[in-house]
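Contents: one structure, followed by commentary.
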Amino acid sequence: MTGFRTRWFSRVGRGDGAVGGFLAHRAGVAGAVVLAVAALVAVIAPLFIPADALDVTRVSDAPWQAPGLGHWLGTDHAGRSVALLVVQGAGTSLFVGLTAAVLSVGIGTLVGIVSGHFGGLAAGVLLRVTDFFLVLPALVLAIALSTVLPRGLGTIVLAIGLTSWPSTARMVRAQTLTIEARPFVERARALGGGHGHVIGRHVLPSVLPLVLVNATLAVASAIVAESTLAFLGLGDPTRISWGAMVHQAQLHGAVPQRAWWYLLPPGLAIVVVVLAFTLVGRALEAVVTPKR
Amino acid sequence: MIKPSLELKNLSVHYGHKRVVHDVNLALEPGQTLGLAGESGSGKSTVAMSVLRLLPRTAHVEGEILLDGDDVRTMSWGRLRAVRWASASIVFQGAMHSLNPVQRVGEQIAEPMRLHGTGGSVGELLEQVELPLGKARAYPHELSGGQKQRVMIAMALACGPRLVIADEPTTALDVVVQAQVLGVLKRLVAEQDLGLLMISHDLSVLAETCDDLAVMHRGELVERGRTREVIANPRHPHTAALTAAFPVIGDPAHRWAEPAPEPQPLLEVRDLAVDYGRTRAVDGVDLTIGRGEIVALVGQSGSGKTTLARTIMGLRTPSSGRVIFDGVEVPRKGKALKAFRRQVQLVLQDPASALNPRHTVHDAVAEGLRVHGLADDEESQVTAAVERAELRPASLYLEALPHELSGGQQQRVVIAGALVLQPRLLVADEPVASLDASVRGEIVALLLRLRRELGLASLIITHDLGLAWQIADRVAVMHQGKIVEQGSVEQVLLNPTHDYTRALLRAVPQV
Amino acid sequence: MRVKSSALLAIATTLGVSAAPATAQEQAPTPVILKVAITQQIDSMNPFLAVFQSSTEIGRLMYDYLTAYAADDQRVTEGLANRWEPSADKLTWTFTVPEGKKWSDGQPITAQDVAFTYNLMLTDEVARTANGSFVTNFASVAATDDKTVVVKTKAPQVTMLALDIPIVPKHVWEKVTSVKDYTNEQMPVVGSGPFVLTEHVAGQFIKLKANKNYWRGAAKYDELHFVYFQNSDAAVQALAKGEVDLVNRMAPAQYESLEGKAGVTRNKAQGRRFTELLINPGAQTRTGEPIGDGNPALKDVRVRRAIAQAIDLDALVSRVNLGYAEKGAGLVPPVFDKWHWQPGTSEQREFDPAAANAALDAAGFPRRPDGTRFGLRLIGRAGRAYDEQASEYLKRSMSEIGIPLDVRLVTDNQLNEVTTAATYDLAFSGWATNVDPDFILSLHTCAQRPGADGKGGTTDAYFCDETYDKLYAQQLSEFDEGKRVEIVKQMQARFYDQVPAVVLAYENALEAYRSDHFARFTTQPAEGGVIMAQNGMWGYYGAEPAGRAAQSSGSRWPGLVLGGVVIAGLVVVSVLYARRRNATAGERE
Amino acid sequence: MRLAGRLGGAAVSLLMVAVLGFFLFRVVPGDPVVSMTRGRPTTAAMQAELRTQFGLDRPLVEQFWHYFTGLLRGDMGTSFTFRRPVADVILERLGPTLLLVGTSTLIAVVLGLWLGVRAAWRRDSGFDRATTGVSLTLWAVPTFWLGMLLMMATGDLFPSRGMRDTDTAPDFVSQALDVGHHLVLPSLTLVAVVCAEYVLVMRSSLLEEMHAPYLTTARAKGLRDDLVRRRHAVPNAVLPAITLVFLRFGLVVAGAITTETVFSWPGLGLLFYDALTGPDYFLLQGLLVVTAGAVVVMNLLADVLHGVLDPRVKVV
């Protein structure tokens, strides 16, 4: 659909029996391994890539080479190695995904807990605002935001973070309400515990695991969102990211030239990493959600 | 020789390595009524489900299950489907969830009739269970708990089976409603000469309905005999524990509370009223609890007794009236309210949910101390409270998480959490309702011992008149937000003056 | 497995069956259609309102102007008027509209129509929206008879033979009450040009039919369709597939991708566009107030020259334009060779980083210990391949002379905003030029700078130079073309010398067409000229079909049917599958 | 009572959208008049004239008031780019978007719910693993990339752009086939991604119902397995999925931006993308109001429908 995918199905893990749980865990472990490798590549690989290899002004290889011995994933429109570009792009995509998710989940958690725990006017207004943002087509808003703000990674992070928090807020609010309805919170109140005590000792610890799950899935959708914005030409053009590579591929006519080696790798990288985050999220969820 | 309509031979069920039912032998003649008693986890429901082969695929079943002489285990699917509901039907536990929420109940009753091609009409069946015909068009959520259970019964009778299995048919129901549903079931079984296998944790319910009684304990059948004999002379210690857990009102042996001296008032409730929106939940209640006195507040669900308790605790704001504690009006907010809460502690019905699943026993018990900033010497205070709640030695339990404890132990933790603040009044909302029969006696004894040793007064909120008889000095009966009768236990329970109290007492099943 | 293969079989059979009628259809005479890809939106079909390049290009097909530019050498030639005569003081112009030219509905075209159109623009300010600049200097317009129009101007105007104003039929437009609300989409739209607008679906396509009454003679094919594409990538792809016949504005890589493609002929033409690098010369408003935040070092012309000298224009042309451009010099591209200026050997700035370094040292900007002199910002348009790539090269070139670049690629709007507010040091810009160089030259006069409030400016580079302005005023009233050319070249030399901007390259216009559908197109100019985006309609008008046999629309039928069959097949398969499952489901739990 | 409350909430949301739409896009940098006239011979006076024509020279508050009162009358202003009423422009593009999104949603719903039910019912079977795995993967696929890939892979089989060819015979059948032919790739792209979500939602929703006691009741009655599923499990489990479908449908209208961009599909998404480069204020505002309005309306519809399907929920 859009780059902005809500995480409705994140309830999948629940209701799975022992067998399903095991499966989810096994897939989750695989996902975690993939992520670890991707993170390692993102951090370490740039150190080994010679600066000249990705500088369009310095590369001397022929552009549009199909995969072969010299470049095993071929070259792009400027003669750069697609393989190196994908490796270089991992850093940007992961960085944006992580920070945007942290921002989004942070806002969402704060709003969710506040509107769930405190009643009254403020909560009502917060709820209204949350609902309002939920209604707004996130992609439209993010595009508008990235047009308003100066180009750069910060803008992308902000645009994604500011438009994707409502689902987290909803979820956290629902969870807060559930927790607050539990007898142990009533017991804490009866013991004389105030807002700080109830939130700090009961609500937050109970919400956090779900927030963690949500954050993991949020990274997945943030990476897709980043690639979407980059594809629409709204990314940070001075950085290589997977979405930006697809954008470049389209800009320079990879489709009519059938340059599959230019189009395929960045997209596959997105799919693999997003899938890995999703699998890890699901596995975490299966662990976190108490069995009924 | 009549062929038994149901015969279980060496029935064993296990899930993986976990054995739930072990070598059970049981036979049921046509028209016979048999009660199967046991605590949660005793395997009684597994036995019931195995009869129609309804256990999950992971269950491993051994032995024979003969339904009218045919072994259910080896039937083809087609044959099994034909047998289901036509030969034996089930009245499920918790009709709330056992009915399809988005289908009209009439349709649900008619479904097996169409399927098995049996005649009869939904109207007739509804009439038999004393429900108006119009209810056929209702959705389950539009019916009360009792009505739903009647629908379940009507459904069970739809295909004219010779055997009805009733699995905890009245568990979630109020005493009065329970009596009505049991009445219907009993009448129909007698009228139609049905075989009945009834499963319950409540001996008194079984005693009222069944001629024969079997008791299960940890997957094994430990006792079987005529109901009266089993109850009167239990041979197995577990059976004895079960019978003891259901106090007989009026029986001095079941009255554990020792007579208390004439007390001075500790808590006084004056003309209290509480509203939920437009409904008045508590309507002009006067109630006094003396120092060291145990008062039972009884009534059906929805009578307002829980709201009253919450208001006394200061967790709800009353619409009018006053609550006076130790001569001082209870403040409604701020530090003073916090200080008051040290004096009055709450014990909730379901200990499993009253404890934060992530907090250790130590954390849970110390929570009150931390809230009130009394954390110095936390260790010894917590240990003392835990041991006082009879979890000894405390060190065994302090680092445990709630789910590692049994229900009774959990309730003791909750009580310890209350005791640590050295309160003067305990408000206990159904403190034993969710506990197994054998455990409830221990908790009742603990509450009495605390009163004896610490002079701790209690307000026990309960629907269970037997519990009131067992523990309380005085009883207040609440009905539709008002206290209709109060007085000493003997006076109210043995010589009730109000019609409602009489109705409540009549509904209590008699062993 | 069985199910799958049977589904495949079903698809195959249906395909074979449906292919037959498709071939049969080819016998019927189908109209010959030229399909052209456009990537820019159409803002309006109302010629008084349409300002987009794509709209004006289609406007040229619907309406002739008073005069036209010849296809081969762009000289002024017959439009609706075939004769014109200025008075001695150059203030009164008399145009003759000959008899015999007809509107597409058969009505005669007369001088009345011309006078009506011009007068409408003089009286209705909304009608001046698109082409108002041509008439601001008009004093009066009158048709003395059906053949003669007399235009009086307030001051001598050199563009009197380049009035790019579509002449509209009086008998249609005199009924229009509000020009603003008139969409001009009463099909078919009455016009005087070689084609008649017959259908317009916004965002999708525009259909025109050949005007049988066109005074030059009807076009050699039947219909002209413009098909809207979101990006040139899609357009190129469509050309490769034969979905469209003509594509322009291709990126070099796209152009190269079509090399050797059967049935496709490429046209590398001299373009009317140039790309430049703005160097903020210390922007000021018309009143002399500083505006924006350009680096003060750039006020020094020696610094600007050094920067220009450090840019390897040849490398940019060969690596970024992939050779599809000519090295930049003056403001007028070589396609207009009359006005085009190339620096002489004495004026020429050769690429020489060492000299540039020395010049900067001399200008008082020595290198600091870290090797840099000062940093500059470079603003470009994100999503424009040229800017994205050229900025990398510039970054490297500038670092050679100790100037680290901070590259910021922004949206179109932001780029506009930045250049208008002069909040740049270096920025990419570019213009398309006209036959007459007046407009492109006017952009660099002092008067084009914004007013004191920072608004109302149309300046390109915030250039303000006394010498340049004097020359501009001179050429404006110079009616001797030879002398005017000389002045225009002097102006370009001055511009080159003062470097408020470096003209980087004159881009080639890269076009391609289906030569299996259309044998040839008329280019303008004849040698190395463009097919689309001409100063005229010759490219479309002169297209010659390659013979009817090649025109076939049957080729896409199999695919089309396949699409339907795939969906239908899926449905059938799932139904079958569900049936089969139902039959066996009874035995399961 | 509750319906009235929901209507009120929806109205408030729309109001906020209208306000936000106006001010958000006024912050977008760039002078639309400069954009409109770029590369053309224009004088400052002509630019000023254009500004007056579009009311851009008046104070922001006044512009807002004008826009807002117009909105109430259904007048969304005039598009800079198209020189026509925004409402007309949007209405014209609504059709293609609804066609694309409608077709895809329909296919995705049918396919997704069916697969989801199958997968959940046979949990952990090969079918389940395959379906869930494919769905999770598809969910991770960026739409635009999938679209480009499909385009590249299918080669000349399908047209690469737009909704119609210009030279198709004017009769209805040819036109319909032509549109269908163009529809295949974009709708396939949308279906792939949307469907994945429906599969996962339907699956998890049914899994939640799998242990519901009423299913045991149904089995005990002697119902066949597929009857238990069709008559009892699915009617309960489908409710959240249906609600989701409606919510998503509202969002998809705006969400087709990337698909429409890749395939040059002449719908609202493409229009939005084009309007941004203007920036065409009135068109952007109108689009935001319409797309957000679609979500609001769909939310409302989802509520009403939920009330109709689920007897436990009372809407009126």
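Note that the chains take the letters A, B, C and D in the order they are written out, and that residue 1 is the start of every chain.
The criterion applied here is as follows: a residue touches a chain if its C-beta (ideal position, glycine included) is under 8 Å from a C-beta of that chain, and two chains touch if they have at least 3 such contacts.
For each chain, UniProt lists the protein as follows: A = ABC transporter permease; C = ABC transporter substrate-binding protein.
It should be emphasised that the depicted structure is a prediction, and the values quoted were computed from it without experimental measurement.
Asker: If you average the C-alpha positions per chain, which one ends up nearest the average over all of them?
Answerer: Answer by centroid distance: D.
Asker: Would you kindly say which chain has the C-alpha centre located farthest from the C-alpha centre of chain B?
Answerer: In terms of C-alpha centroids, the chain at the greatest distance from chain B is C.
Asker: Have a look at A-D versus A-C and report the one with more C-beta pairs in contact.
Answerer: Between A-C and A-D, the larger count of C-beta pairs in contact belongs to A-D.
Asker: What whole-Å value do you get for the distance between chain A (ABC transporter permease) and chain C if each is reduced to the mean of its CA atoms?
Answerer: A distance of 40 Å separates the two centres.
Asker: Round to the nearest whole Å and give the separation of the Cα centres of chain A (ABC transporter permease) and chain D.
Answerer: 22
Asker: How far is the middle of chain B from the middle of chain C, if each middle is the mean of its Cα atoms, in Å?
Answerer: 83
Asker: Take the average of all CA coordinates in chain A (ABC transporter permease), do the same for chain B, and state the distance between these two points in whole angstrom.
Answerer: Result: the chain centres lie 48 Å from each other.
Asker: Two-or-more-chain contact residues of chain A (ABC transporter permease), please, as numbers and ranges.
Answerer: Touching at least two other chains: 147, 250, 255.
Asker: Got the chain C residues that touch at least 2 other chains?
Answerer: Each of 231, 237, 411, 413-414, 586, 588-589 in chain C touches at least two other chains.
Asker: Quick one: which bits of chain A (ABC transporter permease) touch chain D in the complex? Just the residue numbers, please.
Answerer: Residues in contact with chain D: 1-5, 8-9, 11-17, 19-20, 23, 128, 131-132, 135-137, 139-141, 143-144, 147-148, 220, 224, 227-228, 231-232, 243, 246, 249-250, 254-255, 258, 260, 263-264, 266-267, 270-272, 274-275, 278-279, 292.
Asker: Enumerate the contact residues on chain C facing chain A (ABC transporter permease) in the complex.
Answerer: Touching chain A (ABC transporter permease) from chain C are residues 231-233, 236-237, 240, 251, 253-254, 257-258, 319, 382-383, 385, 388-389, 392-393, 395-396, 407-411, 413-414.
Asker: What does chain D use to touch chain C in their complex?
Answerer: Interface residues on the chain D side: 28-31, 34-50, 53, 81-84, 89, 92-93, 107, 114, 151, 156-168, 177-178, 180-181, 183-184, 219, 224-226, 261-264, 266, 270-271, 273-274, 277-279.
Asker: Along chain D, where are the residues that touch chain B in the complex?
Answerer: Answer in residue numbers: 212-214, 216-224, 231-232, 235-236, 239, 309-312.
Asker: Mind listing the chain B positions that touch chain A (ABC transporter permease) in their complex?
Answerer: Spelled out, the residues of chain B in touch with chain A (ABC transporter permease) are 313, 315, 337-339, 341-342, 345-346, 348-350, 353-359, 367-368, 370-372, 414, 417, 421.
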